[in-house]
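As written, the chain order gives the labels A, B, C, D, E, F, G and H, with residue 1 at the start of each chain.
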Amino acid sequence: MYYDTIMSGFGGQGIQTISILVATAAINKGMEVSYLPSYGVEKRGGRTDVFMVLSDEEIGSPITNHPLSVIALDTIALDTYQDQLAPGGLLIYNSSLIPGELIVRDDINVIALKCNEEAVAAGNPKLANMIALGAFMERIDFLSYDEIEEAMGEVIPERLKKHIPGNLKAILRGMELARETVQV
Amino acid sequence: MNAVFKRPDALTDRETHFCPGCTHGTAHRIIAEVIDEMGIVDDIIGIPGVGCCVFLYHYFPIDVLEAPHGRAPACATGMKRAQPDKIVFVYQGDGDLAAIGTSEVIHAANRGENISIFFINNSVYGMTGGQMAPTTLLGQQTTTTPYGREFRTEGYPIKMAEMLATLEGVAYSARVSLHSPKHVNQAKRAVRKAFEMQVNQMGFSMVEMLSTCNTNWRVSPREALKVVENEMIPYFPLGVFKERTGKDFL
Amino acid sequence: MSERKLTKGNIALAEGALQAGCRYYFGYPITPQNDIPEYLSRELPKRSGVFIPAESEIASINMVMGAAASGKRAMTSSSGPGISLMQEALSYMAGSDIPCVVVNIMRSGPGLGGIAPTQGDYMQAVHGGGHGDYRNIVLAPASVQEMFDLTIRAFELADKYRNPAMVIADAMMGQIQEPCRLSPERPVVVPEKPWALTGRRGRKPQLLKSLYLGPGEQEEHNLLMKRKYDTIQQNEVMFETKDLDDAEIMIIAFGTPARIAKTAIGEARKQGIRAGLLRPITLFPFPGDEVARFSGKIKNILVVEMNTGQMLMDVKIAAHRDAAVSFLGRPGGGIPYPDEIVREIKKALKGVTAA
Amino acid sequence: MAYIKIDRDRCKGCCFCVDFCPRNLITVSESHNRQGYFPAEFDMKNEGRCTACKTCAVMCPDTAIEVYK
Amino acid sequence: MNAVFKRPDALTDRETHFCPGCTHGTAHRIIAEVIDEMGIVDDIIGIPGVGCCVFLYHYFPIDVLEAPHGRAPACATGMKRAQPDKIVFVYQGDGDLAAIGTSEVIHAANRGENISIFFINNSVYGMTGGQMAPTTLLGQQTTTTPYGREFRTEGYPIKMAEMLATLEGVAYSARVSLHSPKHVNQAKRAVRKAFEMQVNQMGFSMVEMLSTCNTNWRVSPREALKVVENEMIPYFPLGVFKERTGKDFL
Amino acid sequence: MSERKLTKGNIALAEGALQAGCRYYFGYPITPQNDIPEYLSRELPKRSGVFIPAESEIASINMVMGAAASGKRAMTSSSGPGISLMQEALSYMAGSDIPCVVVNIMRSGPGLGGIAPTQGDYMQAVHGGGHGDYRNIVLAPASVQEMFDLTIRAFELADKYRNPAMVIADAMMGQIQEPCRLSPERPVVVPEKPWALTGRRGRKPQLLKSLYLGPGEQEEHNLLMKRKYDTIQQNEVMFETKDLDDAEIMIIAFGTPARIAKTAIGEARKQGIRAGLLRPITLFPFPGDEVARFSGKIKNILVVEMNTGQMLMDVKIAAHRDAAVSFLGRPGGGIPYPDEIVREIKKALKGVTAA
Amino acid sequence: MAYIKIDRDRCKGCCFCVDFCPRNLITVSESHNRQGYFPAEFDMKNEGRCTACKTCAVMCPDTAIEVYK
Amino acid sequence: MYYDTIMSGFGGQGIQTISILVATAAINKGMEVSYLPSYGVEKRGGRTDVFMVLSDEEIGSPITNHPLSVIALDTIALDTYQDQLAPGGLLIYNSSLIPGELIVRDDINVIALKCNEEAVAAGNPKLANMIALGAFMERIDFLSYDEIEEAMGEVIPERLKKHIPGNLKAILRGMELARETVQV
């Protein structure tokens, strides 16, 4: 088993949280994980990109320019990584902020999610990232919802634990949306 | 109707990379205003230190040299000696001037180099993420003083304006603040004084400006102004610590 | 597996230092290594250690010298510009037989450069740097686990040979997070240091110095050091290989590019090209004998570095005279992706060699 | 008659102008600007009340304010 | 009859390499006498700067670390933090302390490092052949100020004892002279005070000693004493600029 | 011949700087190069120049940066420890395309070392030193005349390529006195420097910097620099040969050891051994092609250095694959006397090669 | 009764003792010592006049003087 | 023509002066000269050694460990350089300070000069160096007395010019003594 992905958005969108959740769940299963964040220079409002590789075996390159999937939460993310996505790969994008016309690849699987609206619907505008994570979970086979739920307990700091149920709800909603999405 | 206040010509219209409410921006503007008022924009060269001010050249449409961290006063020395007819100014943070660059600023001051230094004291290393600076207040938590600065282990906040004022070569040394309109206007007058010292070949001038770093202080921009007023100023008194008059200077 | 924790490279390194018994850290901030001092500023006070936010890199390394001369395990860390400022003191410590550990999380230079990862400081760490005929012991981790393990090893080697040891890693290695076992492979033993300056009580006065003025003394001292370095070369080489047995081309790379090369090798083999890897773990001592031995069999060598060709020199010196050495270099923050390496492998096999 | 112009996209929403305007003429927008901040706003209805005292502009770290008289 | 004065035990009987009449020798002796009197010879570590004092280890039968030029205060910081129960002293010339080592001494002082520094101000770089130091007097000819030091180009002689005294971390800062018996005895008392500050954990102590370099001043040893008295002391006043008492120190 | 004056190496160098139009000197004393600042402190004021006795080597080199950024020819000089302290700024200047001249009159290291002559700083000057992928142009005079001439050349090359140039010579070259013509071989021309920071009057603002943050910019900048260095390598190699036509062994040495080798070659030839010499005058660019070419014919190479083998690396890389490279090294102030070289020649011819 | 002993070979002839002895009891030798200096001398005839005031020893930079009483 | 020599003594004995005289005279004749002084570390009373090579052709090594002659003005000089002297070479030593028993080589030419006494006799104790130089002049053939006399005018600074006649007299005396010395 080998999987690599790039998750990208602007600071505050919660890219770090969902990627750490995936990494933690994978480690709990005994998988190898490499997780490489790259931050912009500015202190605030900068970008957050995460390069993640998950594997049964020792991980070689921690960085990839042909990821199997890309989660793009804003337009810059899409612009930067759409081209890199491996043929047949999965693009999950936040159609609340990214106009659909920008999707030009036709050799990939695409899931468009109105993350912001769905998040508000799920009760908290900050849940956009969880919606995306849900869709991601639906489409991968090496991690289960239960494993993410377990990871959540470890990753979320004590003072934020109260948000866990909301998070889980949003993930489930994301999964649901992904199931509804017709594969292109 | 006429504009009675607009962006000075000595600032480009590029948006700054500074965090919201960071008074580095204010310092930039008042320096630019003075450059405009004195009509020296064509003959000025700026040397920023390394820190949040490193992109000076994005904002000032003037010649700029990027100096190694802390060494801007030495670079300025070489530059001013090579071009005594140009105006040379240095813009440094407290890490740059009061930590790694201590020796360079003291000896440039002591030699009475005819340059002007604007020193942004925001009590932390802003650009690198808010570590303790020599100017960090006692008790202040930073990323390298997680339990608060303790004088027994990290020493006392250093008062550069006062220390430099003890040196003969210094023509002007003042501390100002950027936390209120009144203080910003005072600060601007100090900037003008510093440049005038240089134009009149009176020697070394330095203006220390108490400035905010709300991001690393982990407070809002508004609260940051209060921190300057209520915590910094009591320890770092404002004032002119040395001012050479024509008469002193033989 | 429960003890494997997702850990950032810089943190693993800092924790490695603590577990090596290092209780003295002196440092000045610089991106991308700030996690190290920040972590240690929290942890050292808890473990009765000393953390000083020094006023500069020069002060840092000289504080390290003072603590190390006292017989303590002491460390500093920085990146490019800061490491450049430490060169004088490193030469002093090597010349005075004072062990210490210095970490360079490399960012792109020259000058102020950027905070992107590079390996542009290989020459400085391995051959150049300070004045005079001395060497640093240099270790190059390629995983978070090695950030931890090799830091401990660095302290051991430094003490064993009374010489500065450097851990050098590109900015990626500093920022990457991987599962890591944060306990030492073997129990850590800090050796006795009878040479330490602790006051003369109960013994003759002692001296740590690098100035020798008697006729021939300085030369003798240099030759003694040379012998020490020869011993290190003989005894302490560390390296890793992958798929070399049947390889038609050998990639030589250290740090992150070696990791990337592993993926490239998988790719290449899928395409029917038998590529393999030699990864120097110690840069000094450099595994020159191994390069010679393998390149006797595998005549094609591709050196991959994140610079314009620094380790390349050591490879060229060591390589078998019939070997063809090509080079793929991405300086200043560029990253040699697996597919680029595969392309270079193909080129190399077509007989294109490095300039 | 005086007024100010706030460059909406330049403003980073620090609120210094809001806090320091002696006549409380500046408010915070309810929508993001291009940079993602909630910028300050001056309602031209207040033209009559603004004294062109420049306090807001003096405090603005981002030179987002022009004052007219 | 009994010897009422002899070489202290804390000096070896090796003849010094100092020039005839060089008061580095006097400074060595009074430090050694205090070490003897305080009975600390077994627990003391000395760190000389680079300069004519670099051979400290030939003359003091104690543990010694050779520091890079100017960095002894940083080395001493590391050493004292590692061994708070030992006595650590630094011995530096004016090139070492007031030029290349400016930053290190200021920040060690500012942190209040519990070390003692003996600072030999002989107004030149002695060991390298008498070049201008930051402490060189105005008008003084040296090998790099062949026309005499001029404040407009080389700046003013720097007063380290006064400057350091402005720092909170400093427990004791004094300037003494070695040019007459009375002054030598005063100097010795200052040395003792400095070591006592350290023993009592009061923080940083520094004694600046005006000293001769007749070789590079190109005068006789006798004349050199007059130069100290008539030229140096008027510019570098003697005195205690800071002395912490138990009460100040919380 | 009347214009040939008995002149000390250091003085010839200082006078060379003056005649190259250098009017800005900033320095901090260190033996064995103090004649240079002392001479210039007397002469510069007479020629409306600026001499500043800086507070440190770091200040010196940064003052040089300021004056050089103003478009002036500026210089500093030092020795081992002081040069180590300049590494950060040298990296900055190379990264910012600012020309300057830095002189290293090498003394024995590492650490404080002694004031005896060595060549222990070859690696630092030529390959290592500061952080990042940059190079210094490095010239190595071997006579008082060359101390003068090559200093002028250093200024020319620095300006031509907008890069730091170093003159490195061992302490003997600094102290030796020889008859010297103190006037330039060719008229000195200081080029226009439209890039200089002189205030924006009449033009767009200008900037000298080494920080590049846009994606790929820093790499691009590095590759540009690499191309510059390739051009230098192609165009600026300087070397001298002696008696290579019929040689059975080629000595490769720079600076004083090359001089000593000449005497040894005379000795050897008297004894019927056909020895010859290749002396690199530029160390970067290194005459690698020449080493390759000659060693294709002359299969025995003896490298002689006053260190433990630093230029040796460059020779090994360049040498023809069939060449046998031996080494005679005297580090820390030792001197390879002619008879010792002759002995090593004989050993080398018996087939003993360097480790 | 007091006197001083000058270590003839240690003395570098700086004359500080000569100049500062309040009783002028110290003179300069007419011959070189081992180091090539003209050392200071104390004539034991002056034993009675020396007060062991130690001034000479305090001023000696080379610790060449011992004082006895 | 090729000649090399080492002159050595302690500071103040005037080694520099006589060696510079020789070097200058040689340059005036168009010869190549390399003159390498090496000083001790101490400021005063240190040693002065001069390595000098004179030749018609370009000079290779400026330093020699088998000089054709050695001028030793004190015992340390003799100790350091006696062994190095080339077989058949010339040793000129100051027998005022160096006991004759110390000469152990029997394959060299030796001139013993009571330089100090001869200097006093010549009117100035500082002329010891000139006595030695005279002996040296007598035994070399590439420089004449007149040439040294000419060099003297250039080398001696104005304020010391008055000593020239004394110097020349001492040189002549040294030459005379050398002529009297029986070759060993």
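Rule of thumb we're sticking to: a contact is a pair of C-beta atoms (placed from the backbone, for glycine too) under 8 Å apart; a residue touches a chain by one contact, two chains touch by 3 or more.
Please read all numbers here as calculations on a predicted model, not as lab measurements.
Engineer: Treat touching chains as neighbours: how many steps, at the fewest, connect chain F to chain H?
Structural biologist: Step count on the best path from chain F to chain H: 1.
Engineer: If every chain is reduced to the average of its C-alpha atoms, which one ends up farthest from chain B?
Structural biologist: With centres defined by C-alpha atoms, farthest from chain B sits H.
Engineer: Specify the chain pair with the maximum number of C-beta contact pairs.
Structural biologist: C-F
Engineer: Distance from the CA centroid of chain D to that of chain F, rounded to the nearest Å?
Structural biologist: 60
Engineer: From the mean C-alpha coordinate of chain B to that of chain E, what's the distance rounded to whole Å?
Structural biologist: The computed centroid separation for chain B versus chain E comes out at 34 Å.
Engineer: Nearest whole angstrom, what separates the Cα centre of chain A from the Cα centre of chain E?
Structural biologist: The computed centroid separation for chain A versus chain E comes out at 64 Å.
Engineer: Nearest whole angstrom, what separates the Cα centre of chain E from the Cα centre of chain G?
Structural biologist: About 26 Å separates the centre of chain E from that of chain G.
Engineer: So which stretches of chain H touch two or more other chains?
Structural biologist: 41 - these are the residues of chain H that touch more than one other chain.
Engineer: When you check chain E against every other chain, which residues touch at least two of them?
Structural biologist: Residues 19-20, 54, 66, 68, 99-100, 102-103, 107, 111, 134, 153-154 of chain E each touch two or more of the other chains.
Engineer: Hey, what residues on chain F touch two or more of the other chains?
Structural biologist: If we look for residues of chain F contacting two or more partner chains, we find 52, 55-56, 58, 81, 88, 92, 96, 111-112, 209-211, 213.
Engineer: Within their complex, state which residues of chain F touch chain C.
Structural biologist: 58, 80-81, 83-85, 87-88, 91-96, 106, 108-114, 116, 118, 120-121, 123-124, 126-134, 209-213, 216, 218-223, 225-226, 230, 307-308, 310, 313, 316-317, 321-322, 330-334, 355
Engineer: Inside the complex, what are the residues of chain F that reach chain E?
Structural biologist: Touching chain E: residues 28-31, 34, 37-38, 41-42, 45, 51-53, 55-57, 81, 111-112 of chain F.
Engineer: Spell out the residues on chain A that touch chain C in their complex, using ranges where they run on.
Structural biologist: Touching chain C from chain A are residues 20, 23-24, 27, 30, 32-38, 41, 58-66.
Engineer: In their complex, what parts of chain C are in touch with chain E?
Structural biologist: 24, 26, 50, 52, 54-56, 58-60, 62-72, 74, 88-89, 92, 96, 197-202, 205-211
Engineer: Any idea which chain D residues touch chain B in the complex?
Structural biologist: Going by the criterion above, the answer is residues 1-3, 9-10, 12-16, 19-20, 35, 37, 52, 54-55, 57-63, 65-69.
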